Every structure is written in structure tokens, then in C-alpha cells.
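Each of the two complexes below includes chain A, the first together with chain B, the second together with chain C.
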Partner chain A sequence: MSAPRPSGSGIAVLGAVVTLGALAVIPFNPPLLSDWLFRIAMLVMLAVSWNMMASAGMISLGHSAFWGLGGYCCALAANVLGVGFGMSFLAAAVVGAATGLVLALVTGRLRGVFFAVATLALSEGLRIAGLMLPDLTGGAAGLFLAPGARPPANLLYEVAVVAAALSVAITWLLFRTRLRFAVRAMRENEDAAQMLGINPLLFRALISAIAGAMAATAGGFNLWYSGYIAPDIAFTLHFAILAQIAVIIGGINTLAGPVIGAFLIIALSEVTRILVGSREGYSLLIYGVLLVAAISFLPNGLYGLLTHRRMRPTESA
Partner chain B sequence: MTALLSVERLSAGYGELRVLEDVSLEVGAGEVVCLLGANGAGKTTTLMAITGVIGARGGDIVFAGGSLAGVAAHHRVERGIALAPEGRQVFQDCTVEENLLLGAFGRRGRGRRRARLDEVFDLFPRLAERRRQQAGLMSGGEQQMLAIGRALMTDPRLLMLDEPSLGLSPKVALSVYEAVARVAATGLSILLVEQNTQTALSIATRGYVLVHGRVVAAGASAELRDAPVLREAFLGGGSDRLGATPRRAPDEVTAPLLSIRGVEKHFGGVPAIQSFSLSLHRGEFCGLIGPNGAGKTTLMNLLTGYMRPSAGEIVFDGQAIVGLRPYQCCRLGIARTFQIVRPFPEMSVLDNVVTGWMFAGDAASRRRPEADVRAECVALLELVGLGGRLGSPSGSLTLGEKKRLELARALATRPRLLLLDEVLGGLSDAEIVQMCAVLRQVHARGITILMIEHVIRALVRLVDRLVVLNFGRNLRDGPPAEVLADPMVVEAYLGRPLAVDDARHPMTDQLHD
Partner chain C sequence: MLLPQVLIDSLLLSGLYALMALGLALSFGVTNVLNFAHGEAIMLGAYGAFFMFSMFGIDPLLALPIVALIGFGAGYLLFETLLRRALHAPQINQILLTFGIGLILSNGAEIAFSPDMRSANPAYASKAILIGSAFVPVGRLAACVVAVVLSAALLWWLHRTEYGRACRAVAQNRLAATLSAINLNNVYAVAFGLSIAIAAATGAALSSVTPVTPFMGFHLLVKAFAIVVLGGMGSVGGALIGALLLGFLETLVAYFVPDGIGWAEGVAFAVLFAVLILRPGGVAGRAVHQ
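Moving on to the complex of A and B:
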């Protein structure tokens, strides 16, 4: 994200090829491959969203809040209002954006670890609220999507791939504007940024709303995929943490990093599943080791390794 | 008598910054020695090198007959070196007694800690009264006594004090110094760092004067007290290289650009700025000086919305700006640089300045094509002499370059009023000459400048007007030559000797015994 422009066109072409490739493959219905692509697409959205907030200095530990809210929005929109598959995402995105906006306004000047804990509290609070409002959320028993509401699997996969590509494209477009100067300045020194006319609250609210909409949309896909939602599933930290690992391994504050990371995480989860079966502990162990290795040896992630960029700033002129 | 502490040709610094060059000094057993110098002269760095918190680049430090080269800081404590650091740095959340016992954490102090605790309470009865009090809630003077007491708990052979009177009112400073005198009377060796030179010299037997990291004078206190070199070290002597150019005459006809009326700022109950008033006319180049802790940076924070005054009003170009946020102040046309430079380290030099342009000024100028903005910013960087470093990450610049980058970034916001907070601090002589030339050009463009500075010899050649801040008050305001000749100003910088304190204090006799 810090350097979208120099390699922008190259990445755009590559992204378009990958997206079109995925779209072209899915209709032939290779179940395993489609499933992988869908999970990658979901993780890309979540990772892009997390990376966007991180790039403005907002380290979220509770991205599951958006993810879970998105799931519930889609479930309730479909079951209660009878809204279709497509429109339910609009509801999820609006609620996600509103939550992001409120989060930015309420946390105000909270930074770093304090902001992170606030996001964690938001996610946990929503989980508890979900358990305590059974009339709305079905409580611990959860909610099933109304039978017959679910779209054909291939359509769901195709839409997810398009949405993931869109989330990357939106980020790319946003960071072509002067926003990229504002967020980097805020991340590197907010006090100094203010003295340059940057209103941190405005940009934090904007970034948080957009990122919230993206993560909630990703959560909506998860609901349509599984057909079932419950507070402990919706607000699990599992996917939020996977998204963070994807960003850190792929390359934080870069455009391509979250995408590379998402591919790697899904590939890893498949490899560990085949090698060590369903013993959850091993895959977590491998993620952990990789994360430590990436933080220690790849400060700019795989993206940095691929482009031989070590802290090189935006090319000028 | 061989010296207890002997610093031999010490060189030290931080990162690229060289602070000390060939500093040599000695402290004999039972002797009180003071180390004097203006802000940034290298006093604290000398103490840090003796404690081992920073490494020596050259030279040697010998303590009690053994070299300290390669000895870790905590082992130096075991050998008997103790420091009461600048700004006191007591453990805020611990009680007085806990703070003191933490001082005896090492092997050296641990054995006799109960007995020493009583000795410290004897020396500082105030601390005994407050032994269960949370340290962070005590007054500055009490915290200073606690910092000294904590250092004494290590059972030191050498006690080092870093600006014990910093930020204290004269009366409280006096009581701290009385306590230091009591400690000295026990026969402990003391190395005292001070800006309040007259007080320090009245308690020390000998002194050294540091300027720009070098010892420029050494001698008995009586000799140093009236030595011209001392006054020069603080208020600056001449330097012809700095030159002077004809200036734009300030516009005193129209309403002032900035008008500060009766501004107050309290932190808790402590006043930092008291009924301060100042008017700046368009085109003025005004210097703001004052000793450490006088409230200069607080004033900057009040003018730019980082802090809100407790009382009073600030009007910029006809508009009241109290309550505005920093970004709003910036858009009105106020720019500032920071005392501790704050570039965006991962951004290139040019991007730092472009960021300064993008969000300031009116909407039309913000929306100019990026190529135009870049060209303007390149011109600004050429003005400050960074034209050759456009693509470098700003984190890789030297301190002098970072200060110039901050100036260019502030200028990119198209200010009408530029606030400079120690832009010359930490620069080499050559860099100071260069920066002064840049500032003259900036002023010649019609930008009004208010400049906080400790490098007074350079400042007086730049400004038309000098304001002295002391204890948060406007002490003196006028042409630089007159202001610097004022005995009140000299006293604000150099302090008063204890002996001339109005109330003839029982301690004074003992001090001059």
C-alpha cells in the first residue's frame, strides 16, 4: 500500500489474470479447487480489510466483530426480511461500515495496544450480546438459513472471487489519492501529521468504515457458505487471526501482501490437513512458527522478498 | 590525593550525533565538583557515559583506581557510582519507602538497607513524613529529594546529580540545595550538573564549563563565578561567520498577526505559563529564549492547539484560535517544527514534504495536480539544501538534515506564521551557519517567525526582537542587545548564588565555611 504506484499496473494485470482464471475454472466444477478458491477469496477480503486499518496505525484484534456482524446481517436479512443473496451483502456492508465508523469515533485518540484491546472488547461484547439475545440471534443454538434461500454453490464462489478482487481494487483506487499520504503520516507520527493539516479523526473514521464494510461482507460470504451461524462461530477469533497472519507473512502495508498471504495460509492449511490430519494443534504450531519467522526475517513479508524491497519508500516523480 | 573519578579524553554520542569530544575531568575523594553548561552542551551525556548507560567512543573513565571500560551500568553501581537523574524519574506508582528500597536493590546497598533508610530519613525529614505517600503525587522538590535519597540508598562513593533544581521554584530549589549541602557534609564525593550556575558554584569547590561537548574552562568556584567564559557559554559570544543581512521591516501599522493575551496554563496545580501576553506583527522575526523548564515548548503547544490554555485568549489574524485542533491551526496558516524532530521515517524526503503540502491551505491549493505539488516541494527542499536527497528514506538522514527536512515540511503548508522549536539545537557550527542562511531567506519571503532557541549567539543575529520567558512569565521583551544586557535576564539564565538570598539562611554560613 505504501508503494502501489510503481508496480501498480503490473499488479493490476496479474490480479485481473488471477481473478479471470478463477472465474473461468469454477464453472467446470472441480469441487476441491472451487472450495479452495472460495476460502482464499474470503480470507483475501478479511486480510485486505485488516491491512487497510493497520496501514493507518489501527491494529485491530477484533476483526471478528465485523465478520460476525456481517454473518448475522445476511442471516437475518434472508430469514426475517426475505432479502435475496445479493442484497443481503449490501445490508452487511452498511452495518459493517456503521460499526467501523462508531468504532473510530468512540475509540477517539486510543492508539496502539489500547485500540487493539478496544477492538477485542468489541468482538467479545458482540459475542456475549449474541448469546443473550436469543430472540434475535437464536442464542447459543444459532440460526439456520431458511431452506431454499441458498444460491447455487458455483454462483456463490464466483461472486466471492469478484468481491475479493473488488476489495483489492478499492484499496488500490483509494491509495492512489492523497489518502496514502495521510495514513502513512498518521501511522508514522500522528502529532506531526496534525500540524500538516491532517485531521486524524476524519481519516480514521473513513478507513475504519471502509474496512468494516469489507470485513462484514466477508463474514456474509461465510454465512451463505455454511448456512448456519451462532455467536461462538460468528465472533471466533480464528479467522481474524488468520487474516492478520496472512497480512504479516504476505507483507503489511502493501497492496499485494494480503493476497499473497491468503494464498499461502490456505495452501498451508491444506498441506497440514493432509499431512497431520485433523489435529488442529499442528497447523496452529506451523502458523506460529511461520509468523515468528516472518516477523524476524521478512519485515516486509513475502511481497518484500519478491520485489527485493526493504523499506524502500514510494518512488518519487 | 588521587582522584576518585577521573574522566580522560572522553568522546561519546548518540547514533550519528557526536556530543562529547575529548572531555577530561576529575572528582577527588570528598570533593564537590560542578559541571556547567547551556542546554545541549553535553552535561547529561557526560553523566550517562560515567554511569555506562551510553558507551564511550574514545578515552577512558577511571573510578577508584580501576578503568570502567567494558563494565556494565549495573556493575558500576556496585562499584559505588550513583545518579539522581535529570527530571528525577522516581517510580511514580511506588511509595516513597518503596522507591528508596528499590535504590538498595543491588548487592552493594542491600545489606545495610534498613540502616541507610534511617540515614536518608535523617537527611530528608520530609521524606520520613511522607514514607507511605505515592511518589508521583508529591511536589517536584519532594520528588527531587526522593531521587537523591534513592541514589544514596545504593551506598555510593560518588553521587552524581543531574540538574536537581530543574523546574523548581527558587525557594524549593534552595531547600534541595540545602539537602545537597548536608549530603556533601557527610564527606561523600559529588559531581553536580547544573544550569543554575551561581547556586551550583556556591556549593561546589571546583567547576568545569562545557560548550558544545568540550571543556572550555575549569577552575575553582570563586574564579569561575565571574569569568566571562561562563556568561558566554550561556548567552553566547560573537561569531562573525553568522553574519547579518538587511531585513524586511515588520509591519506595525496593520493589526498584529498574532496576539496572545493573558494566557495561563496549569498542569495539575503547577503553573507552566502565567499571564503571558505577546503581540507579533506581520514580518517580525522574534526570538523566544528562557532557561530549561521556563515554558517555551508549552507555549508552542498552546499556539498550535496541542494544548488548551487554562485562561486567556489567542488571536491569529483576527480569529480566536483557542479550542482549535492542530490541523485547523495549520490550515489557518500556522506551521511549527518540533524540538525533537518528527519526520515520517519510512517516507522518502520528498514524500515527507509532499505530505505537508497536500492537506494544508485552502481547498484549491490542496487539489493541485500532484506533479505541480512535487515540483514546488522539490524547490523547498533545494532551499533548505536537501535537493540531493529527495529519494532517501528520511529515517536515514543525519540530525541536521532531519531538522532541515522538518523546516521544508513546515514551509510546504504555506504558513504565514512559522514557529520554530530549537531548530539549531544539536547542530554543528557549520550546520548552524547554513540553517541561519536558510531562515533569513524564509523570513525574506514575508513569513513571520517566532523562534525558540538556546543557541543565542546565532539567534541574536537573526531576530529583530527577543522575548525572555522565565517561570512561565514574559520577563523581558525588546531589541536583542538590550535584552541580553539586562541583569534580570542574566540572572534567569545563570541563577543567583545562595549567599545573596534575601532571607539570610542558616545554611549560607555553612556553605561558605
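Moving on to the complex of A and C:
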């Protein structure tokens, strides 16, 4: 497995072209197509964020914690402080980054599976706090965005595409630096990485803060999209699971993997919606089967499958 | 007087928690794979007991050995087909693999059994006896007694039988166990099957005490994690202490904190987070560091 890294600047150029193309066609798209693009963009942000943490050895099962906090942040910023659409994302990103930072610092001693359990606990704990603090969150009844606060749909879609492209670009820039060597060393063996002079806590905090900001921003988009948030929607594992599966199917620890995966997952969700209706059980069942199958038979994902022959031995393992 | 009631409620809760966590601790201790689908095995055991009760009128506690036996077979097969190949894979593969299996089982159950709440209600389940000033619900008492008996049986098995000792040896030191002519592959599969059998039995005991739903497993799983982490990963004695602690904490919060019944559900998460951060070795267990 290679770390998320540019395989030439080809991916970057391709990404820029696709993004500009998407931006240009959105005003002329039929609404359904724009809707797909928006959902893909949201999932790309979440998947890129999850992949970034996973590539540093931090396996998050509670990405919905960031996602839900981002949603609540935007809702409260808009309703209570009267903050506009654009600035609310800043609030979400700051809170997401702070949560990621705190998570990395307090779980500094935890490895692999224990970190995963801690993230799960964080997300579920937040869900219960959301239910039990109705003065702040509206409790189980949830919060509606103030009427008239929502931006025009096309503007929301365009901003989402730009944000998704930004999240990929940030990852690309970040992993052009020496960070990618540090992160790969940490993933393989954190104690050994430490002996090489890498400060794992520093890198964990950095990665977790950036990934937290991205996931919270994605959650903010979901809020502006639906106009409603409640603890069971905000902290549902549904989107976190989709992000994980997108990364695994697309190719973990690669730059293009989460993007490929996000396109596939949204395509798949449309197909299942047409075939079996909107019942959530069926689609989650299919995602579960996909996850198990991909882990068992395609551990490097589709990107790994496509690039397998071109990989030099030094880049694998 | 509230105190005896709190004490009795906590103990009845702890018995079930102990059984739940023991199953999880067993498979993790021996195979070193944390099974994120353990809650779903509990859920399926509960449905098994519920359907046997509603279709054939079999008492859930009599159905328990049957679902446990099926659970053992299913667990053994699951290990041989999917988990064995992931034993030496990176940890992320193991986590996502068992997580995916749980996703399949819970959503499969939702499709097959509908999301309705079910409950097996034998006549005694709604009765209560009065001891002093405290009420003891008979259904909970029966479930708790069964859980304690099963936990004791597991401990006996681990300490007094050839296979149980082999399991403990593998959990302590894989290499030394291999050198002592213990067949690792066999021990892994048996321990995993047994852990699923215990999960199914937990479900059967729970089926007359709590509502049975397709997604009950997830919340139970996090509680079981909290207990196992509280007690120290992979330590059976620690899991028992952890179960007692969590049972008491949840009951105390439910009784004495305003809106406590809602907050009690969050105790497990708070405990889990706090222990992982403050004392990752648990109260009596090996350290979390790999």
C-alpha cells in the first residue's frame, strides 16, 4: 500500500478539470443530477477525511461525531447567532478541528482497536448528550433551520463541489510534504516511528484536527441541504459507514480511492433505491456485504487493482 | 428505603452484563480479534428465544441451550469461513470485517423480522416478589441466575478442562502455547464458537427482560466494550468486576440524577472514554499498549 500520494500530477489535473466542469454545468443540470453531484461531494469530503485518519493508523468508527457536531454548529450559528451560510462552515470547521485535536490528545496512548472503540464511544456519547440537552439541541424533536436562511440550491451545490475539491487538494498538498513518510511509518509501527525521531502525538493531532474539520464541514453541508437536524440523524453511523466503505472499495491510503469510492457508493445507492425502494435496511445490508467482500477479496480497493502493475516494489507494503 | 432496591436492581443488571462481556472477552483474549459483531449475535439469540416462545411456547430459559448450541455452530463456521483469513491481516481489516458482518446481520434481521419491538413474556416474567422493602422482578431474577450460572460454568471450563486451559495458554502467550503442542487453529475456532454461543445465550436470557429489536446489538456491544475495557482487556475476572461497576453506576445514575433514566444509557460511553484515557489497563488487566 502506498501512502496517499500523487501518482504524477495527473490526478490533480484530472481533479481540477472535473471540478471546473461540474461547476460549469450545475446551473444547467436537471435537479436530480445536481443532487447526485452534491451527495457525491459530501461523501468525498467525509471519505477523504476518514482516509486521512486511517492512513495515520487512526481507525475511526465514530466519524459521525464530527459530522453531527458540524451539523449542530451550522444550525446553532444560523439560528442563534444569525450567522450566514458561508460563515457557518467556518464555525463548523473550527469546532470539528478542535474536536479532532482533543480526540487525538486524549487518546494519545491508544492504538488501533482501542482508538476505534473510543471514537465509537465519542459518537454515541454525543448522541445521548444531544437527546438529553434539549435546551441546546432541541432534544429528540430536533432543530429546524430558520425559514429563509437556506441558500439557493444551485449555490449550495456549487459550494459543496468546491469544498470537496478543496479537501482532496489539501490532502494532496499535505502528503506532498515529508508528512507522508512520517504517517506511513506511524501506520506500520508507531513505536519504531518514534525511535526514528517522529513525534507521533504531534502528527496524530495535526491529522485528526484537519480530518475533523473536513468531516464537520461535510456535516454542515448536510444540515443546509436538509434544513433539519436531530440527535438520531446527526450521530447516526449511516454516513460514517458509507465513508468507510467508499474508502475501502476505492482504495485505502490512496488519494484517488475515496473519490472513486464516493462515486460508486452514490451510484449504488441510486440503483438500490430504484430496485428495492427507499427502505434503509436493504441498502445497509448491501453495503455490509460489499464491505465484507472488499476486505476479504480486494483489500487494496479498485485503485489498487487498477494500478497494481505499475506499482514499484518500494511503494508497496 | 431506597438503598436495598438500588442494590438489588444493580445486582440483577450486573449478572446479565457479566455474561455479555465474558463472551466478548473470551474471543478477544484468545484470537486477538475484537468482534464488532458480538452485539448482533446477542440480538439473534434473543430473536431465536422469542420465536421459540411465540411459536412453540418454549420458555426462553429452556430455549437458551438450543440457541447457544446453534450459536456455537454458527460462530465456528463464521470463523472458519471469514475470520481465519483475516487473523494475520492488518488490524483495520479485522475491525472493518467484523463491523461489516454486524451490519449484514442487523439489517438482515430488520428485513426478515421487521423493526417492531418484540418480547418473550412467560407468565412469571411480569411477577415480582417482595423481600423486605424491595421488589425483586422474577423475570430479571431468573435471567440473572442463569447468567451467573453460565458465567461460573465458563470459568470452570477455562480453569478445569483441557480445552479451557489451552485457551488461556493461547491468550497468555501464543508462541509458548504452540511450543506446548497446542493446536492454535483449533483453539481459535473453538473459542470463537464458544464466545458466540455465550452471546446467543445472553440474548435468550435478555429476551424476556428487554425489548428485542434488530438494532439492540449495537448498544449492548458498546456496553460490553465498556465492561471489558473497565475490567482490563482479555481478563475474565476483570470483566466480572467491570460488569458489577457498570451495573451499579447505571442504576445509581438512573435513581439519583435528574432525568437519570435517559442519562443512564450514556454511562457506558462516559465510562468507556474515561477508562481508555485515564487507565487503559483497566482495573485488573494487561495494558493496552501493543
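As a convention for this text, the second predicted complex is superposed on the first by the 300 of 317 C-alpha atoms of A that agree within 3 Å, B and C clash if a C-alpha of one lies under 4 Å from a C-alpha of the other, contacts with A are read in each partner's own complex, and residues count from 1 in each chain.
Assume a contact is a pair of C-beta atoms (placed from the backbone, for glycine too) under 8 Å apart; a residue touches a chain by one contact, two chains touch by 3 or more.
All values reported here derive from a predicted model rather than from experimental measurement.
Applying the stated contact rule after C-alpha superposition, one finds that A:120 touches chain C and leaves chain B untouched.
Looking at the superposition, the partner that touches the larger set of chain A residues, chain B or chain C, turns out to be C. Touch criterion met: A:195 reaches chain B, while chain C stays clear of it. Across the complex, chain A is touched by residues 34, 36, 82, 85-86, 89, 91-97, 99-104, 107-108, 110-111, 115, 214, 218-219, 222, 225-226, 229, 259, 262-263, 265-266, 268-270, 272-273, 276-277, 280, 288-290 of chain C.
Only residues 54, 59, 61, 106-107, 109-114, 116-118, 120-122, 124-125, 128-129, 131-132, 237, 241, 244, 248, 252, 279-282, 284-285, 287-292, 295-296, 299 of chain A touch chain C when the two sit together in their complex. Chain B meets chain A in the complex at residues 304-306, 325-327, 329-331, 335-336, 338, 342-348, 350-351, 354-356, 358-361, 366, 371, 374, 378, 390-391, 393, 409-410, 412-413. Interface of chain A with chain B (complex): residues 2, 178, 181-182, 184-185, 188-189, 191-200, 311-317.
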